[in-house]
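What follows is a group of structures, each given as structure tokens.
Consider the two complexes below, in which chain A is the common component and chain B and chain C are the respective partners.
Take a look at the complex of A and B:
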């Protein structure tokens, strides 16, 4: 089922959680709402679910306006951040809940319900835990029960609020891949909220990046990562070095180094420009070799993080800290030590006009 | 304190006191408990059984005593169910919904706790008494409220009004709305959600509240005393009857009735401990449930 969000505004007292938000979600897609805490992503999800109602704007499911329908009428599956399992019911009864509360006419008989629940428990690989209580399960197991419970009523839309937020790193990784596989099997239109860019980029078909109650960019993971529409998106999707400079007719002055390349010809003269470069898109060299686009810098610190090495440098001209990420192999080849003088070059970069120089 | 050579020992002793202090504190507590609780309890039962079991049971064959016991049961039998309904609805409303005037409602629920029971009783005399605001109308229609059973029931309801709501409220607030919202998205109606999710989650707190409410309803003296009029065999509850018997120098009979109230208190304590133990065990089962890792 497709979802259309149109001009949704929601205020809590004086705080504007969402302002004129519109979003289209196609049938069968898995969409991530990505943003920092307080950006309104959970509010948007709850409004789609019918757990919260917008001040203005509308929601359509398959072109039908359902803005005034309650959560019960919308038939959505909702998975809560803290699972919200019924603590007094067993795993089995948790999953069966949605089937048992149906009006008598629509309710399946007991043996059908049992069969359905067994099938779902098999799907989440918890057949053996059916008679346990939620408190006896691990976080990852609880989350899977919550998912099975939501799927039991055959919802038209599956909504997940920070589904992996409360889990530890390893379980998160496993569970999100499992969710992706599950989605590929079931093909139910799904929206999930996350503040973890890696999670969004890995799992989702499309990512909506949100900030301060608005959607900054919607696109495929590649689109938002490779061509971020705004500085915020660039910044939020990974760590970044920002160089500030001015456009001097036909070349950007970043610090004292001219970063040349396409993309700034149409910029107005003397506009303040911020150049964004990701740490892994920086190249470190021992020699300049006549390359005028590289910046002299001094190695300040070296952190080895698994296969990566994070190198902190200080630009000689601007005295700004530059962060670079290189592979362990490159690091060993360069044999970097704190205090070494090197040259740093941006392999790719993106520029945004900035209002004020920092 | 000098640093200990054994770190694990230091960790224990850092928060405990020297043995002498501990024993002194324990002795003080036991002494206090003995003088103010156990000794009086002993006196109650001792005096009640002074003339032997036969006399003890004979006391309960007195029609006035039987009527007092019956009236106490009636008052509690009406007050507790009503306050159960009220307490659950109030706690549900306050714990699960946002609305204007919530603070005021909480204050109002607490009112009977902060008002002296005598004043609580007086309110009904002023309302329904001969010179009261509504009194003359009721008397014209031959309905007696003050100095009759309805007044006693009303006063009991008023005094025991906060017990159940107050027990449920913190629990309902702590549990939040997640499970209810989950039930709604799964297609449950409001009533189904309440019956299948909200109520089972607070059942121990509810039972606890009912026990406390019942104990107070049966034991209430002040408020009931004001509205009762002390008509023997008609408007005497057990606590009032104890006073009357005592004033009549029927010490043994007075203590015999008092011993019933004491037994009720002991039974209440026992049930309360069982409930606490049961619900405590449930809580221990789920130390991190849901709220452990707030992002």
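Take a look at the complex of A and C:
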């Protein structure tokens, strides 16, 4: 089932949650809506589900306009962040709920329902917990029950609202990989909302990055990570060093770090430029070796985080803090100490015109 | 396992608070009740039975418990409805509605009784139209039921209201997305959630109805065998200085009420079964391995 979102606008009072949002989701894809809280991603998901209705714009499933249909008519599976399991029903009855509330004509008989639920419980590996109540399960188990409950009605689309948001880090990691494998098996068109860029990049086929009620970029995880369309996407998909500067005639001169690389020749003279470099794309050297694109800096602090070492430096020209990430091996080779004078070079970088000088 | 009364706890003052609780409950509840039984024991078993099972007493039990039960049932349905409207919808007079629910609590029962009698009397505002329909409200068991319904209204509303307010909107959305219509969502999701609270409110309304005196005696008419409630019968006995007789009937009433409330409590335990969360289970992090689920078919 493909989903087409066309020019959706939604306001809550005076707050604009979504403005002219359009998005295409192909059949069988797993798409992540990624953005900071308040960016409208959950509202968009709820509009696709029919739990919220847009002020204007339309939603199409397989080319059919379903904007005015209710959640019940749309036959979507929805998984809530806080599970929304029925507390008074057992795990088994929770999963069976959607099958039992069907109109009499369309309802399967009891033994068919039992077989279907058993199959789903096997899928989520909770066969032994069938007679327990949701309050007796862990968070990860509850979310799997919620997922099975949504899948029981064989929805055409599966929508997940921050499905792993309430879980602790380890369960989160396992469950999201499990979701990916599940999707590879079931191939149901799925959309999930998350504010965790790692989650989106790892699990999704396509990522839609949202900010302030609009979609900034849609693309495969590699596309949005490697070639972010806007400064926001760059910033949101990982930590970043931002260097501000101004194009004088050719090349960024008056500014902070003189960095190498093409991409600025077309820039107008005197345009404000912000250069974005990810911490792991910075190289630290003891000697300059005549490389004019390196800038001198002083090591301020060193944090060892597992296999990585985060080095905080201060640029000598501008006194700005520069954050670099190097591997432990490189760190040991350089034997960096706070106070050391080194040279920093950007291996890759991206520039955006910035509207306002700092 | 050995049981010790004194257990280590970070909450201080267990001994003091327990002592006070026992003392308080003794003075307020247990000693008066014990005195009741003591006074009754002046009677022989035969005398006791003769008093308690006299036709006049039996008629009063039927009226008291019957009318209380009907009133509590009416309140169960209407109270849930009122709570639902007040919680779920936003409308101009909402705060006003919300506050008049408490009126039966605050109003002196005698005032309520007189107002209701005036209204439902054969020539009253509501009584006259009812008479034309052939229904005589005041001075009949119907009047008693009306008074008890009035008195019991706040109980169900006030017990159900907080549960409805806490109700997660997502539960209804989940039910809707699973294909349940409004009616099925209500009967299968909402009703089971509010049922324990509603039963509590029902039990409280019933208990209040059984013990009610002030608001009923005016509208009842108090004809022995017909519209005489048990409380009034007891008062009548007291006025005749038949203290043993009064306590005997009180004891009978106490026992019936006790059995009734016990039944309701058991019902509640049964309906509220799966509520206890065990936090230890949250620590159980499952290892997720898909292989047995899909993957290799020959494993089956």
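Keep in mind that, in the parts below, the second predicted complex is superposed on the first by the 354 of 358 C-alpha atoms of A that agree within 3 Å, B and C clash if a C-alpha of one lies under 4 Å from a C-alpha of the other, contacts with A are read in each partner's own complex, and residues count from 1 in each chain.
The rule we apply is simple: a contact is a pair of C-beta atoms (placed from the backbone, for glycine too) under 8 Å apart; a residue touches a chain by one contact, two chains touch by 3 or more.
Because the structure is a prediction, the values reported are computed rather than measured.
With the two structures aligned on chain A, chain B clashes with chain C. By the touch criterion defined above, A:49 reaches both chain B and chain C.
Using the contact criterion defined above for the overlaid structures, shared-chain residue A:153 touches chain B and also reaches chain C. Of the two partners chain B and chain C, it is C that touches the larger number of chain A residues. Of the two partner chains, chain B is the only one touched by A:162; chain C is not.
When the two structures are aligned on the shared chain, A:68 is found in touch with neither chain B nor chain C.
When the two structures are aligned on the shared chain, A:37 is found in touch with chain B, with no touch to chain C.
Residue contacts after overlaying the shared chain place A:122 against chain C, while chain B stays out of touching range.
When both complexes are overlaid on chain A, the residue A:101 reaches chain B and chain C alike. In the overlay built on the shared chain, the residue A:86 is in contact with chain B and with chain C. Applying the stated contact rule after C-alpha superposition, one finds that A:317 touches neither chain B nor chain C. With the contact threshold set out at the top, residues 49-51, 70-72, 75-78, 80, 82, 84-88, 97-98, 101-102, 133, 135-136, 139, 146, 149-150, 152-153 of chain A are in contact with chain B in one structure and with chain C in the other. On chain B, the positions that touch chain A within their shared complex are 178-179, 181-189, 192, 196-197, 200-201, 285-286, 289-295. Taken together, the chain C residues at the contact with chain A in this complex read 168, 170-171, 173-181, 184, 188-189, 192-193, 274-278, 281-290, 292-294. Put simply, chain A touches chain C in their complex at residues 49-51, 70-72, 75-78, 80, 82, 84-90, 97-98, 101-102, 122-125, 133, 135-141, 146, 149-150, 152-153, 170-171, 174-175, 177-178, 181-182, 185.
In the complex of the two chains, the chain A residues touching chain B come out as 37, 49-51, 70-72, 75-78, 80-88, 97-98, 101-102, 133-136, 139, 146, 149-150, 152-153, 162, 165-166.
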